Amino acid sequence: MIKAGIVGGTGYTGVELLRLLAQHPQVELTAITSRTEDGLAVSDLFPSLRKRVNLRFSDPAKASLETCDVVFFATPHGVAMAQSPALIAAGVKVIDLGADFRLKDAAEFEKWYGMAHTQTALLAEAVYGLPEVNREKIRSARLIGLPGCYPTTMQLGFAPLLAQGKPLVDEAHLIANSASGVSGAGRKAEVGSLLSEASDNFKAYGVKGHRHLPETVQGLQAIAGRPIGLTFIPHLLPMIRGIHSTLYARILPDAMDTDFQALYERHYADEPFVDVMPPGSTPETRSVRASNTLRLAVHRPGGGDTLVLLVVEDNLVKGASGQAVQVMNIMFGLPEDLGLGQIPVSP
Amino acid sequence: MIKAGIVGGTGYTGVELLRLLAQHPQVELTAITSRTEDGLAVSDLFPSLRKRVNLRFSDPAKASLETCDVVFFATPHGVAMAQSPALIAAGVKVIDLGADFRLKDAAEFEKWYGMAHTQTALLAEAVYGLPEVNREKIRSARLIGLPGCYPTTMQLGFAPLLAQGKPLVDEAHLIANSASGVSGAGRKAEVGSLLSEASDNFKAYGVKGHRHLPETVQGLQAIAGRPIGLTFIPHLLPMIRGIHSTLYARILPDAMDTDFQALYERHYADEPFVDVMPPGSTPETRSVRASNTLRLAVHRPGGGDTLVLLVVEDNLVKGASGQAVQVMNIMFGLPEDLGLGQIPVSP
Amino acid sequence: MIKAGIVGGTGYTGVELLRLLAQHPQVELTAITSRTEDGLAVSDLFPSLRKRVNLRFSDPAKASLETCDVVFFATPHGVAMAQSPALIAAGVKVIDLGADFRLKDAAEFEKWYGMAHTQTALLAEAVYGLPEVNREKIRSARLIGLPGCYPTTMQLGFAPLLAQGKPLVDEAHLIANSASGVSGAGRKAEVGSLLSEASDNFKAYGVKGHRHLPETVQGLQAIAGRPIGLTFIPHLLPMIRGIHSTLYARILPDAMDTDFQALYERHYADEPFVDVMPPGSTPETRSVRASNTLRLAVHRPGGGDTLVLLVVEDNLVKGASGQAVQVMNIMFGLPEDLGLGQIPVSP
Amino acid sequence: MIKAGIVGGTGYTGVELLRLLAQHPQVELTAITSRTEDGLAVSDLFPSLRKRVNLRFSDPAKASLETCDVVFFATPHGVAMAQSPALIAAGVKVIDLGADFRLKDAAEFEKWYGMAHTQTALLAEAVYGLPEVNREKIRSARLIGLPGCYPTTMQLGFAPLLAQGKPLVDEAHLIANSASGVSGAGRKAEVGSLLSEASDNFKAYGVKGHRHLPETVQGLQAIAGRPIGLTFIPHLLPMIRGIHSTLYARILPDAMDTDFQALYERHYADEPFVDVMPPGSTPETRSVRASNTLRLAVHRPGGGDTLVLLVVEDNLVKGASGQAVQVMNIMFGLPEDLGLGQIPVSP
């Protein structure tokens, strides 16, 4: 049994991790920390876990996280940076669901997150935890910077196009029109996330620059091995879970004869959690609700030179906690889908 | 033109008052105060009011509220109590949408609201602003304590039964099973009101004792002229606007032959904002959305001795701001429905 | 492995059965019938099941249901009545999620469902599939009439009160104020269930008499061994899944000293799927979403003589398909919770 | 007073027309037809109109529509084509909210709508009812083909760019990523529009070709006086009302110095129903709910060569019935905003 600890389990990625790990046959939950909820039974905060998770939140100072085999950080940026060095030194594997180890360039991190990066050596070592791209590196990693929710859809959506030897599309002008359920904003008391504000409503946000933009550009460039350009417009959906990304790319004249459907099917043929749907499909967010599957469809409206990719995931699962468990399975040599067999809940 | 001011216009009853007053043909909005938003254009906070309301929020200290003809308080309890004496002394009529002048017994107020009542003389003078019950007193009032949202549905729902000379139902065991949209909780950043918490969910709350219970008991006793007993269980609906109260009363043996439908139709025959629906109807909250109408239906399932009343209102209109405008019209001798002709928005 | 077939799998209880059975370690799904969708891959109708359920719908005439060990009917009333005799004769156990075998009185069935009951011998034999009440009879049953969604909450909510030797409450005047998500209406194209009609809205329905009333009265009387009287008012919630029943009972003078919390905890101490919450709790529908758990809380507002019970379940799981699997486990001598370990999905 | 009739008033654009016309100071509603609901009081079908609209539906054969001054068609395609010639011959002005008179090319109409166009002379005469583009032609029109809901956002969003003498953007590769509330699908009993299917979900649809594509291309080409190319991907939002279009255009090298914000503000300076928001704004659909206002914002992420326009409207008002009233006002020489002063309902 893998002894697992969670730092910062009072948010949505935290409770989703608890749901998944409590059902995982090879995991023993041993500690969950919260500065503000020390002593509270987890199931008092999250009644959905009554009789299933018997842990109590404990103050980070009291929790013996260094006795864990793996520790997940489901925390605001800065926390994993501060606490992970000691854990890694103690031989604990660390999976950070936050942003501390995503951007490889410390200056970029400082620009987008407003704080200096204090662990540049660890940052250099950290592996970006996107299994479909980095599986081999994850296998031997000590420290994982897990992708953000939007970036997972954008990278897995564009990857087959960019991973070819020569460009198929105008890589300088990629467009990602994305929309996320409100849970992506976390369990924070903010007026903009109130039901009375966010339900029965739709809007763009972060148009000037969202933190998931530099992360995605970095990831896409790593896949392509070439510079890319991306316009990313996120929108807020009046619902809890689910991300839908509508991706646009202009096909280059030389690539007009490409069979893109076949390209995608081939690229993801062996992936347990990526479902390339049949031609003509329009994936729905609910078709992946509460599961670790990402579905996508390839379109070329009117047979023209604009390629359109439709990508859906559950932002709390494949976009966060499920991907974290998938990565853990890889790190510990377990079957990659162990404990992740939940069938999507629909309707 | 009536010069109107609003204290505390940054919440939902505030913005709804602005919507209604900006369309009122006899009202000139002259001031709206907010300590935190001093100087901000109202339409910057509420883009729905762009090009329709040109006011800016001003600090209470700067706003010349005493030059208004009427001032509405859309504030947490305590504020109207503190500021209204000076306004009333200056000849300004005051309509408090909050709780300061609802409970006639200062001890009850202190028990439920956790603060002493400092204006007991004004409290004695204040008129409870439920037009269908207190129309004549409202006409000459200087100070109005406007009913809460739930109490309006419960009182107008039970009133025809209780207003008879002798009891028709077991008045000691009335039951009100109510449900409200989340906007009733106000525009406050609280975790429980987040879309991710309150949507796709339903629960009771305040079962031990909700502040609208003593207010309603007081009102029902005033209508009946006798003691009454009430069990009130509020619930939270996964939607923004609307209150639905399902009221239960046991018919007394002597009253089994009563034609309750006729009783209700007669009682409300001349009311512009109360719609007694035909037998067999099930009023929907959306049928009154964004309007000042309250609809109700009278049922007697299986022809037995349990009477069931179904009552709906828009909690922000008839349950708050619309009722405030209705009361203002009465106080200033205007047609009671002036500026309140909005047809419900459906779907 | 238990060979399981489903008749009528194109509705919501059907797809939920598929989700649960596909994850059940002792079940092999062998057939699913649909007259209208013959030949269609199940996962083409329900993309949430892609790569998890490989069956195709087949015409009832072609499906060899008699080779199954158990057949579930997720059909409108009348279908199970027509098809189950042949299956039972062939030694197949039948679990009817519909209404054909719920009401023991054929005349009552005809009155509420508008068709004669053609299988009165089977009706007499059929066991009402509520495990917490009928576990022993279920163990040896050949034919199960599974409870409706609302009746499960009402019966499990009132059962501890009624199962005592002498009455504790006024059993002639029980009240059930219930509310259900729209999935309870099924996957039928009806205007009233459109998102544009049912979302952002709340209303009562079926006030004159809902089909779940006679079923519940029958069940409660069986539990009490005495006549009972019930007023049942269902309401439609603007959400997909979840039922919340608020139950009211007047405590008899002799029973005023009863410790109702203890009574409920004792009654359900050994039940795997009933969670009696601590005093003061208000169970939320989302706390049981997509799981087979029913949670309830016991209240006595103001310490008076009105007892209030708050009960929640997922109408598609404990209210239908999960309960069906629970019953199947009992019938086949499996652990009662096998394949039903899903943790509620929240948020 | 203008005598107005409505053909096909049982859908959502019909009830919204009724809401607006019943509040219009210069309109007298004289007839509303429905083949299926002959004799039914309008307020029995739409309780929101109780005590406000006293008409009954009448069979088209009985209604004397030719005595109206104006008749609105809120019908499926084909109906206005069949009935409008006689009305126009009788001197009645016709405003078709449906699709019969939108596409100027009869062959295109037949291709997209699957029926031959039988009124090609009227089609040639019909004016496309987009006031901000066609105001002068509308003034003297006898027959209006009112724009679709999506096309209104796309055309008003792109118009200032295209209306310049020389191209500013790559007009062959415009992209419109749009999302609409479910009311856009109408009040039709279809499984895909059920709350249980469409709520808590998001997906693209009509990717292969939506009927609003040829209409929009035709309109944009008329504005530009040049051929244009458009990729249009509509999506379905889990809410009732509101359309949000996110428009993308690549700025041409020669136009990189353009002040697009100023261009848009200038273009719409005198428009009563188009609100160009300040730089950096992200318009919300709720900010126009139940009103005839369209709001838009101009963005240029990262200062690059991709221009992004965010456009919102209420699909039932500016996207349909409100625009119809605006057009009627123009046709009858009334102030353009008469009866359209509703302030958006928010929250």
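Should a chain be cited, it is by its letter among A, B, C and D, assigned in written order, with residues numbered from 1 in that chain.
Note that contacts are C-beta pairs under 8 Å (C-beta built on N, C-alpha and C of every residue); 3 or more make two chains touch, one makes a residue touch a chain.
Computed from a predicted model, the values in this text were never measured in an experiment.
Undergrad: Write down the chain pair with more C-beta contact pairs when A-D is set against B-D.
TA: Counting C-beta pairs in contact, A-D comes out ahead.
Undergrad: What's the chain with its C-alpha centre farthest out from chain B?
TA: A
Undergrad: Would the interface of chain B with chain C count as same or different, where same needs over half of all numbers used to appear in both copies?
TA: Shared-number fraction above one half, so same.
Undergrad: Express in whole angstrom the distance between the two chain centres, defined as the mean CA positions of chain C and chain D.
TA: Whole-Å distance between the two chain centres: 45.
Undergrad: Measuring centre to centre with CA averages, how many angstrom lie between chain A and chain D?
TA: The answer is 39 Å.
Undergrad: Please report how many Å separate the Cα centroid of chain B from that of chain D, as a whole number.
TA: 37
Undergrad: Among the residues of chain D, pick out those that touch two or more other chains and give their numbers.
TA: Answer for chain D, listing residues that touch two or more other chains: 12, 183, 187, 196-197, 199-200, 238-241, 283-284, 286, 289, 347.
Undergrad: Residue numbers of chain A touching chain D in their complex, please.
TA: Those residues of chain A that touch chain D are 173, 175, 177, 179, 196-197, 199-205, 207-209, 229, 231-233, 235, 237-242, 244, 246, 248, 250, 280, 282-286, 289, 299, 301-302, 304, 306, 308, 310, 312, 347.
Undergrad: Which part of chain C faces chain D closely enough to touch in the complex?
TA: So the residues of chain C touching chain D come out as 12, 181-183, 185, 187-191, 193-200, 238-240.
Undergrad: Along chain A, where are the residues that touch chain C in the complex?
TA: Against chain C, the touching part of chain A is residues 12, 15, 19, 22-23, 46-52, 183, 187, 200, 240-241, 275, 277, 281, 283-284, 286-291, 293, 295, 316, 341-347.
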